[in-house]
């Protein structure tokens, strides 16, 4: 099997990533700068770097209640190594948990108008990805913090505008208040920074991983094996015995 | 099922992580600082922050040849979402790929002397985790870059000393040159920074994730489905047909 | 969190699955019969049992060249437990490897005519799931074996008819010979047996698992750690160094 | 990368598994017989086949309370494909859930006496794998059903004897009643059938997979996305806010 890649290569006993020597990256660059380079092929300028840090920090942790946290803990609790617990945490993300960044970014990067997007979703009785939240009914404070930084750093442009326009259309067409959430805010910013929407789920994975690690580690250190539900948590609705 | 956690909680519609408001983290902190907080419970000082960035950058990518890269690409190529490709990349790490940080840190944080560690491993015909590398036979330039930064920032202390002492013992007892590699260097630094050895595999996962993302994305964007080996790559050694 | 299930429950210290005592299943039933019960809620009659065995046997193994085999081996080779290697094998299945059963069964269970199905796919330049195979260009012998048994046991009915009709339409509309493969044959039979198309990927997983186990075990017993590609397998197409 | 395998190969457009043509297996063999062939290299005789069916049926399902069931359901509930939900179910097995078969079979296949095994475990304050059960305190009815069949079919030999002897030693040395459970019974039977202990976790995976499938499918068909815990399930024990 043959592989073709533009990401990295070896030369004279040294690894070069997107054309940059890895040892120089270790010497001079922050983690966020190096991530930006790996994913985009160029270094961020100062404004891009600060903006990028903000969208990586925003999803960093959101409680043990989230599937990615309690699934990682459960997999650790039955006796698996750390790398496996983290993988399981990622499997417990998806279209309905962290996945909205991908769909929202795809939508923002498309040619459809906000009115078309909203009417299309309502006609199919689908949610509009990135709008509404189970916990934050009035406004998602994480989205507000991201957009505040985007305004300060001049990344509050075309895509943030589309996000706000969709929010208004949603309220107009559905009559319900479904404020834009962290996923829409991140989607708008990564679009503004020039990232492909297909990286959406990856940005969530990257940002949330530290929280998943903290949960798996807390489980390993503090808890006995092994997590299971009790019979009282279950309602049997099958054939009578 | 009940969960006990010291990592985060909600209060007045806002999430607090290790006691800090998430919106403030988004506003003021870099990704590396926020990771440090999530995993350790305190903010890093300036020296700790710079050191922490370096050990996160060091493993960020190491070629498509690594199992974590080509497995993630393969899983993407058969038609799975991004989060699944990344999870598969993590499953393709383990004791023999990225896993040595955990074992090396456990060893550095133990009470055993370098001589005991080496003679114990040689008696059981086991490798000493963190020493020797398939590609970097003379010296691992990533380890050198990490230790150069550790010296500059005054994190080249007890644990780096133990790493060097084990390297010398290994050469003395085995007669072979098995220089300390990136895993041993990271293990020494996280020990110096006060992290539990059980986070070893997590630090590799965290550092390498951007490279895995870049590979999965490159596969999705540039390649046709689906990766398989050809019959010429296989030698059949079973029952004659 | 509350769970509602019709699959199993405990009564008087004994587990009942779909209303049947597990100890009785152990005493009296074959594995294939018990699987049928768990997935469908009733025992198979004699004809159903023999047909069911055939579609479980058909995908049981197809060489180390398949992603589900070499990914499972790779994950074992870097030092992970057996359950993790098997999980990785499943992640390396998907729409393009074993996933066609799901799409073909959905198509067979839909209201569309074969002509509509084929013209729809050709218009979107999509493959028709379950037709054509990388290796078996003229005919897939596994599909032939399944359909021979279906004829003998009277399960060669409406759905097999739709499969054959689609094959003819495909040749007529595209001018190419794309014979129905194992996925289409299994999809037709599970439809005839009354299974929901959403079980399609599960039937592949179930049937292929023994092959994946054999590969992971062969790797653990016979091979040294750890699998990586060599630099000669890689073409670098990135920035010049 | 080169692969060496004794499991299967192609000849004249036909796949041969352990020397047998796959199309003949489809025509003539049950799923359990084909699994036996794939894993052991020979067909089972009539007694072996019936015994093998019993140990595959025994673990087939054990309630949504088990991590492998609720983790698979959770991963399906956040929007992942079936193969991913099943993989997650496998990640949620391990040393403490289904993993005891491996350790028990290793122990039965070792040279140690029952007295040495028990005293060794008690000295290290470790559980003896395969003895005791959270739910079945007096006796595990699944183990009894397996051993009843083993007696009938003459597979109740050396290894079952070792299992019983360890149970007696455990009661003698610890003063507690820790009856042998399903894992020990399966471990004894696979040892008697000549299978390597390193297949232990694989036998659990194989047997339990139908139950995991049923749960993931029930979730997909009957439930809305997505599963999370409520704040009432969590106790915060971190820094005061």
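Going by the order they are written in, the chains are A, B, C and D; count residues from 1 in each one.
Basically, contacts are C-beta pairs under 8 Å (C-beta built on N, C-alpha and C of every residue); 3 or more make two chains touch, one makes a residue touch a chain.
Worth saying up front: this structure is predicted, and the values here are computed from it rather than measured.
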From subunit D, the most remote chain by mean C-alpha position: A
Between the pairs A-C and B-C, the one where more C-beta pairs touch: B-C
Between subunit B and subunit C, centroid-to-centroid distance (C-alpha), Å: 36
Mean-CA-position distance for subunit C and subunit A (Å): 31
Contacts with 2+ other chains: residues of subunit D: 1, 3-10, 63-65, 70, 80-81, 83-84, 87-88, 91, 93-95, 99, 227-231, 233-234
Subunit A-facing residues of subunit D, complex: 1, 63-67, 70-71, 74-75, 77-80, 84, 87-88, 91-97, 99, 134, 225-231, 233-234
Sites on subunit C touched by subunit D in the complex: 1, 3-10, 13-15, 17, 22-23, 25-27, 29-32, 34-35, 38-39, 52-54, 56-58, 60-65, 70, 73, 81-84, 86-88, 90-91, 93-95, 98-99, 102, 135-136, 141-142, 144-146, 148-149, 196, 198-202, 204-207, 209-211, 213-218, 220-223, 227-230, 233
Contact set on subunit C toward subunit A in their complex: 1-11, 16, 18-19, 41, 80-81, 83-84, 229, 231, 233-241
